[in-house]
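Have a look at these structures, which come just after this line.
Two complexes, one shared chain (chain A), two partners (chain B, chain C).
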Partner chain A sequence: MSLLPYLVAGWLLLIGCFGVVRSRGLVHTVVCVAVAQSGTYVLLLSIGFQYGASAPVQGAPGPVVDPVMQALTLTDIVVSATVTALLLALVIQIAKRTGTVDPDQLDELRG
Partner chain B sequence: MTRSARWIVFWLGAGGVGTLIVLALLRMPSFGGLVHPYRDLAVPAAVGRSSPNIVSSINFDQRALDTLGEETILLGSVVGAATLLRPSKDEQELLDRDEGRVLEATKLLGYLLLPVTLIVGADVVFHGHLTPGGGFQGGVVLATAVHLLYVAGSYRLLRRLRPKSWYQVAEAVAAGAFVVLGLVGLLLTGAFLANVFPHGVLGDLFSAGTVFFLNAAVGAEVTSGVVVLLSAFLAQALSVREVS
Partner chain C sequence: MTVDPSCLPPLGIAIPLAGACVLLALAKFAPRVVVDTVAMTTAVVSVAAMALLVAATSSGRVVTWVGGWTPKDGSGVGIVLAADEIGAGFALLACALTACALIYTWRYFDDAEAHVHVLILLFLAGMVGFSLTADLFDLFVFLELMSATAYALTGHKIEEPRSVQGGFTFGVVTSLGAYFSLTGIGILYARTGRLGMPQIGAALDGHGLDPLVLAALVLVLTGLLVKAAIVPFHFWLADAHAVAPTPVCVLFSGVMAPLGLYGVLRVSTTVFGGVLPAASLHGTLVVLGIATAALGATLCLMQRHLKRMLAYSTIAHLGLFLIGLATLTASGVAGAVLYVFGHAGVKGALFLMVGVLLARKGSVDEFDLHCQGRDARLTKWLLPLGALALAGLPPFGTGLGKAISEESSGLTALFVLVSAATGGAVLRASLRIHFGLGPPPQDTDSDTTTGDDEKQEGRFPQRLPATMVVAITVLLTGGLLVGVVPAVADALGAGRSASWTEPGCWPRPCTAPRPRRSAASTWSGRGRASRWGLAQRPPEGRRVANWAITYPSHRGP
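Then we have the complex of A and B:
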């Protein structure tokens, strides 16, 4: 039994969070959130994987890997991309309003 | 919170989450194993409805309601980003007269690839139920094709040939079309997003019932969504300037 793909997924999640905490710029923070989310792609795909199986298209030889996990991964990627776009738009607004993208300098509330 | 306090909180949390992840993984079914109950149910269901690309059948037929939620997230974030990036009161759109130089080789390649990319994008969308691909993937390819105008040509050219309002309308219409197709299913069979159209012959272009039409709707929505998003970001970088 091999745990490595699952451990990679967990490691990606934690290293993404590590990056968010360490981040000195909001664009870096957004990229780290995307890294953390990519852990879920690895987890989903490794759950659906089967040794020797081919892509889930009819006509493929032999058994196929789990298509439900691939569909979930597709959903995941779409959501991640759109959320990244929305967060980057927020970063542009923050940079315009406050003149900084360093989260440590954004500690006071503004009305 | 100071930086050091933040690190203490992070390491405590990460330690806990990491331990739980490892404990959970130890009980997982083994990687690459033979047991895939969802696959054993999804594959016959997809083939029974003439959709050789099983992932598309799952996304647009068996789990179509989830895809409606997914494309609503897409619509919501496009609306949100476009709203956030609108030029404010003290900003105006000004186009630079001088846009720099594009290498001849880039121009040639860009204009050669533009029609090719459009055709590949359309192919990926419309054969989404037959071969790997679908509305989401093809939509991104189509939006990339539009932006080759910017890479190979100029920002002015892109703005002239890509009327933003058309794409905003197309975005809304495509998102609405998905719901309308769902309602057709509801009226005809009593189940929202049911696959009501004839399933056709396995492998034909017009087969797999609603999967084909939902793919086309999602393709249109993703194309226009990405175009609207990128147009807002490009305007922020290239033309929106503060005027005092």
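Then we have the complex of A and C:
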């Protein structure tokens, strides 16, 4: 098993966090959260992957990749879609109410 | 009538989900009173189901393989729910608090459509699932179900700039935390080929603690500690609590954040209990707990926005709970769980009383409300009482829980100072508002969030609606009963090490010696059970045999 997919997964997770910290716009923040979550897709898929194996469907010839991990990744994608949509909806409301999406100018909540 | 207890854990998740679906279907044309009734009925039925489950767990752990996917010949892909006394207790707490929040909601929102009720019921399903699951991936799924509905509830007042900002901060921080947890879960699956918590634990016993497993532990715990608002990830909680609708704050403070700590307990004992040196885990968690408690208490004293004050008090108490849990002894864990229960009742009642102030006066600002509450009849006396209970006044559950926790952790001074500081802050605000004590405060600090431009929720300037009085009374009484009735403490596993009613019998740490256990009986082993505060359980019967079977590895060559 190659090490590359694990490094990619770790890189995506960390660069997503870094993006959230450095973000200058809330849409960018949401996208960075989604990037961090992509790291978990890559990790889960690469854990289940085998070279030369086919998709885990009934009657597939030869070895198949781990179906558990594929199911987990699908669940993860559903979760991601929900969270991203909800966060983007909140960004739209923030932009409507305050006229800005720059986190530095949102100072309603202090102390 | 006898109920097969193994059908109760799935029912705890299914009932709120079904109620939410019915409500969503009715929402278009049903009048408000029908919506309220259906939501209330669902919550009450859930409370009954979870109460039965708690009763059933007193004679052993209730294990359910969902959909009948029991393992065959030692292998299986089924999903398992397992309820022990603490897990079922948390599920019951979530249901009871939801019922109180729904009673309060009855007259609270003028304009609430069915959305709030649907979201609260979905939130309940997530919390019950989180308490009862014994599958690590399901733990993540329920964590996210709980979180996503919580973001929506926080940002419910979408016309308010503060509300959407608080919801956004909450969403970004806890989602990132949950993804770290998922990464850790993936690593654990890669290492062991299993997802069930006790099965992973059994497999890890053979592997030992290598750097990869340690990394997985850190990643999984990170997400749960973020959810529990432990320093340095505490800031979302104050923002979310300050802006969420008041009935929702009751759920956030009372059970959602403590559930993060419950997750920490479950993961660190069931999954990593066999490989992790207890001393190092204890040291790490205690340091985090002390930092959280000190920071929360300090910031609590500096607040003037009443909801933020209560939120920082919750953060301080979460730190204390973590210190209690970190002892990993029977009495420490039982004390922390009792403390959580007492705190949930008291803090919930305090939040609801602040909600009453917001509805009557249109403000939650301590300075702005100075002398304004002299005409309140009920809350005038109950708010100071709640503040004292928050500081650990016997015989409230907070007092008993604090006593057991501080006794078993040895940090008495910290517990006393922190709980006195948070109770004192609330008492200060309440005396200023209701009795006009002290000189009018000077408004000089511009860096603190004020509470005078919160949107007024509900309007009833003359009389307090009976439903709100009922909700406040039920919560305070609940907080009292946890401390007074030995059966409550007993049901939570604390009664064996402490009893409030016997004078001179204050709790002392009682760590049962840990018997040797075989890898095949991981979670049912009495060794681990003793560290869950359940030291003297009878040997378990037939169910354990199904439960303890481990999966073989799914991995191909």
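Just so it is clear, the second predicted complex is superposed on the first by the 107 of 111 C-alpha atoms of A that agree within 3 Å, B and C clash if a C-alpha of one lies under 4 Å from a C-alpha of the other, contacts with A are read in each partner's own complex, and residues count from 1 in each chain.
Here is the rule we go by: contacts are C-beta pairs under 8 Å (C-beta built on N, C-alpha and C of every residue); 3 or more make two chains touch, one makes a residue touch a chain.
Source: prediction; values computed, not measured.
Asks: Touching A:Q50, do we find chain B (first), chain C (second), both, or neither?
Replies: In the superposition, A:Q50 contacts both chain B and chain C.
Asks: A:G59 contacts which: chain B (first), chain C (second), both, neither?
Replies: first
Asks: Look at A:D104 in the shared chain and tell me whether it touches chain B only, chain C only, both, or neither; answer first, second, both or neither.
Replies: first
Asks: A:V83 in the overlay: touching chain B, chain C, both, or neither? Say first, second, both or neither.
Replies: In the superposed model, A:V83 contacts both chain B and chain C.
Asks: State whether A:T29 touches chain B only (first), chain C only (second), both chains, or neither.
Replies: In the superposition, A:T29 touches chain C alone.
Asks: Using the superposition on chain A described above, determine whether A:L74 touches chain B (first), chain C (second), both, or neither.
Replies: It touches chain B, and chain C stays clear.
Asks: For A:T40, using the defined touch cut-off, is the partner it touches chain B, chain C, both, or neither? Pick first, second, both or neither.
Replies: second
Asks: Based on the superposed arrangement, let me know which partner A:L7 touches: chain B (first), chain C (second), both, or neither?
Replies: First partner only.
Asks: Report, in rising order, the residues of chain A that make contact with chain B in one complex and with chain C in the other.
Replies: Common to the two interfaces on chain A: residues 13, 17, 47, 50, 66, 68-69, 75, 79, 82-83, 86, 90, 93.
Asks: What residues on chain B touch chain A, complex-wise?
Replies: By the definition above, chain B touches chain A via 3, 6-7, 10, 13-14, 17-18, 21-22, 25-26, 28-34, 36, 38-39, 42-43, 46-47, 51-55, 57-59, 63, 66-67, 70, 73-74, 77-78, 80-81, 84-85, 131-132, 134, 136, 202, 225, 229, 232-233, 236.
Asks: Please name which positions on chain C make contact with chain A in the complex.
Replies: Against chain A, the touching part of chain C is residues 77, 137, 141, 144, 147-148, 151-152, 155, 158-162, 164-169, 171-172, 175-176, 179-180, 182-183, 186-187, 189-190, 195, 238-239, 242-243, 299, 302-303, 308, 447-449, 554-556.
Asks: Where on chain A is chain C touching in the complex?
Replies: 9, 13, 16-17, 20, 26, 29-30, 33, 36-37, 39-40, 43-44, 47, 50, 53, 63, 66, 68-69, 72, 75-76, 79, 82-83, 86-87, 90-91, 93-94, 97-98, 106, 108-111
Asks: Mind listing the chain A positions that touch chain B in their complex?
Replies: 1-7, 10, 13-14, 17-18, 21, 46-51, 55-59, 64-71, 74-75, 78-79, 82-83, 85-86, 88-90, 92-93, 104
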